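Some structures are shown below for you to check.
Consider the two complexes below, in which chain A is the common component and chain B and chain C are the respective partners.
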Partner chain A sequence: MKTANPYLQDLTKGIVKENPVFVVMLGMCPVLGVTAYIVNGFGMGLAATAVLIASNLVVSLLRNYIPPQVRIPCFIVIIATFVTIIEMVLKAFQPVLYEALGVFVPLIVVNCVILGRAEAFASKKPVLRSLLDGVGVGIGFTLALVILATVREIIGHGTILGPDPESAIYLFGANFEPMALFAQPSGAFIALGLLLAVVNVIFKRFNIK
Partner chain B sequence: MRNVLRLSITLTLVAIISASLLTYVHGVTAPIIAERQEREYRQALELFFPEFENFETERLDDDYFDLIYDRSGNLIGIMGTIQQQGYDGYITYNLAVNGNGEILGLLIISHSETPGIGDVITNDSFKKQFIGKSFADPIAAGVDVDVISGATVSTSAIINSVRRVVGVIAENFFGQEADVIDITAVPDGTYQGSAPGLAGPITVAVEVAGGMIVSIEVLEHSETPTYFIEAYPLIPEMIIAEQHFDIDTKTGATESARGIVDAVRAALSAALEDKGGGE
Partner chain C sequence: MEKLLSIIFIYIFVDNFVLQRFFGICPFLGVSRKMETAVGMSMAVVFVMTMATLVTWLLYTYILVPFNLTYLQIVTFILVIASLVQLVEIVLRKISPTLYQGLGIFLPLITTNCAVMAVALLAVRQEFSLLESVVFAIAASLGFSLALVIMAGIRERLELAKMPDVLQGSAVTLITAGILSLAFLGFKGMITL
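Right after this comes the complex of A and B.
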């Protein structure tokens, strides 16, 4: 990167160079669990991003007031608060998505991407940079989920934008028998492994480190 | 000392702020959630009971039953909300039954069965086979309804559950007596029967001598051992002591206990049928 602007770097590094899923490989549990449909992967990404930005902001704001001995419990409480808020909001306004994401919404609390950014970045850096970091990592996380979900939905269900029949596009016609393995978590591992290989090849080709 | 104080005050403050924030958001969202759930449920009710006006809820064990009334206050049917252990976690579904105890339809609300395999329980072709059945029908796999091969556990969980619920509804709301088995009419011998427990079928061997159940042995089960010891041998001992099936299955392992009772009942009713057929 030519630019030395730290703010721009904070924003962009989470998207490609330190992508939480493809490079750092944190928070794999929801990555594998909810990416059977693009809509679910996108929703999960947005929910995690919202929590990430909010927790980065608050942790950064409080970084000089929280004694280091109790910082982890404080971070957890802050993250859990935002997760619970997101959960209630989803349940009230996006019930279909809430049902689809299931247990993975409350599990955002222990998503190591979020705790990792709070501990490694937000607790040491000023507010604006932490905010940008949260936005960047959130975009990277959402992007990775959507890419993985696209692969899995096309192969595993033969659709795009399912499962809602109103928006679903059947790519191969209605009689297509999809490869159900990819709709299951075990198939997610295979798809993720293949994607990581592709990402590594691309990174090597363009010398991204 | 001051340090400890500072640590605890920080934690307390964080927790208090968090709690008050959550209380506020809960206060805002809870009525919306409740209203939406009720609207969805009313839509489901209207699907089966177009003329419904209001309902009242009754709870029996772990099942909820809504008695549906029309404008003039007649009971037009019952909607059960049932939770059943499937292949992978619980299946929650609605079972709609009309005023004659006949099934109007089945609505799977939530499940976590394997995609592409166990989720055939949501297919219309599977659910349709229950329509019109009542407590008078056997509702048994291979008799009048079919399991779907490859998804035997998921589909037979629903079949067995529907049979149980239709029986419960008939017994509690339409005054139908449950199958009364006259033990004294069972010829001496040992009979086998099986019924679903919590984790799979329970098979028992029942020995009858002189019109009395003398021993009950569980041959096969896949219940969790630590729970199963709550039901076995206690439940067989109770059946042998009382010589009827109307015993309290509320143990630490209610589902397993009910499974044993049902298996014994199945063994004896099969024995009676065989005898009836032979004469």
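Right after this comes the complex of A and C.
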């Protein structure tokens, strides 16, 4: 086997092999909470990715200055700062999305994925690698959100790109009665559970471990 | 009084924090494998959540709002929660080492339990009074405990059940949670604030 480029590996491992949602099972609250529509899921993914990249960068830059005993509070303050920035930006430029995501925007601060990457990766590795790791994991997280949201929106609402009626595309015409359960909280759990089973099948089939 | 009672009922059953609002999913999936750890985790969460809401509400109302610092809300709240968790950890290590061992990694993870942060944020957002906020926090944490304990009970039996390989572990847990959530859907619309 040829030696893999570590930089490329940092970037790609978060997308499939160590996907934060499907494999590591972290940061599940927004995954279930905002995925009734693709737009919301995608927006959440981007917001979390932005915070993740920024926090990975800063944590990695400061890794030699943060005393190990108080590292967790330090990481949390760094993350909270970026979440505050993202919250302000969303409020100013994307008020509709901000309303739709509701309390899940400030809750990015307690997203275990971000703290997990800071603790497990960025606090030990050089800046460029941490940056790539942040980008990779962020893409993986967004991807998972969008996949789940696509399933839930198509089945639960019969649309894609809703809820805004101007952009919404009705896939099955006007007479279609969507399966409202999938737009409900219980549908989110069931859809994600089934998706995980599908992911397991795919991983097994292609021997990804 | 009526409002307090409805808050209690709503946040334990109707708007259950885990099953209807998706707060605190990580510990819900993580420590629901055994009944004993589930109960321990629940008690820790009840305590941290109530204390955190009390402190954050006071800080928000008497310091952040008068000095126009509400943009510091996220940073302040998370620091309060983090220090409270530290406190619980120290106390628990002294009082009950077995429980401390059992909770293991999940105790520091209460810091990143969205449910705790969500209660603090929602109490302020919904403009509850101090008493209402505390009752809200207790009810929400009891709702969390209820979901966690039910789930632990189911999962202990699930261990022995036969199922396809690919469903094992997280997948079947999530589907079970979905069915549980479906049951709680029956309360929907019973009371509103």
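Definition applied: the second predicted complex is superposed on the first by the 206 of 209 C-alpha atoms of A that agree within 3 Å, B and C clash if a C-alpha of one lies under 4 Å from a C-alpha of the other, contacts with A are read in each partner's own complex, and residues count from 1 in each chain.
As a working rule, contacts are C-beta pairs under 8 Å (C-beta built on N, C-alpha and C of every residue); 3 or more make two chains touch, one makes a residue touch a chain.
For clarity, every value in this text was computed on a predicted model and none was experimentally measured.
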| item | value |
| --- | --- |
| Partner chain(s) touched by A:Ile66 [first = chain B, second = chain C, both, neither] | first |
| Chain B versus chain C as contact partner of A:Ile154, first or second or both or neither | neither |
| First, second, both or neither for A:Ala197, with chain B first and chain C second | second |
| Which superposed partner A:Val83 touches (first chain B, second chain C, both, neither) | second |
| Contacts of A:Ala92 with chain B and chain C, given as first, second, both or neither | first |
| Comparison of chain B and chain C by chain A residues contacted | C |
| Contacts of A:Ala188 with chain B and chain C, given as first, second, both or neither | second |
| Touching both chain B and chain C, residues of chain A | 73, 77, 80-81, 84, 88, 184 |
| Residues of chain A that touch chain B when the two form their complex | 36, 65-67, 69-70, 73-74, 77-78, 80-81, 84-85, 88-89, 91-93, 95, 99, 102, 156, 178, 180, 183-184 |
| Residue ranges of chain A touching chain C (in the complex, touch as defined) | 25-30, 32-33, 72-73, 76-77, 80-81, 83-84, 87-88, 103, 106-107, 109-112, 115, 181, 184-194, 196-197, 200-201, 204 |
| Residues of chain B defined as touching chain A within the complex | 3, 6-7, 10-11, 14-15, 18, 21-22, 25-26, 29-30, 32-33, 36, 110, 112, 114-117 |
| Sites on chain C touched by chain A in the complex | 19-26, 29, 71-75, 78-79, 82, 108-109, 111-114, 116-118, 121-122, 125, 164-167, 170-179, 181-182, 184-185 |
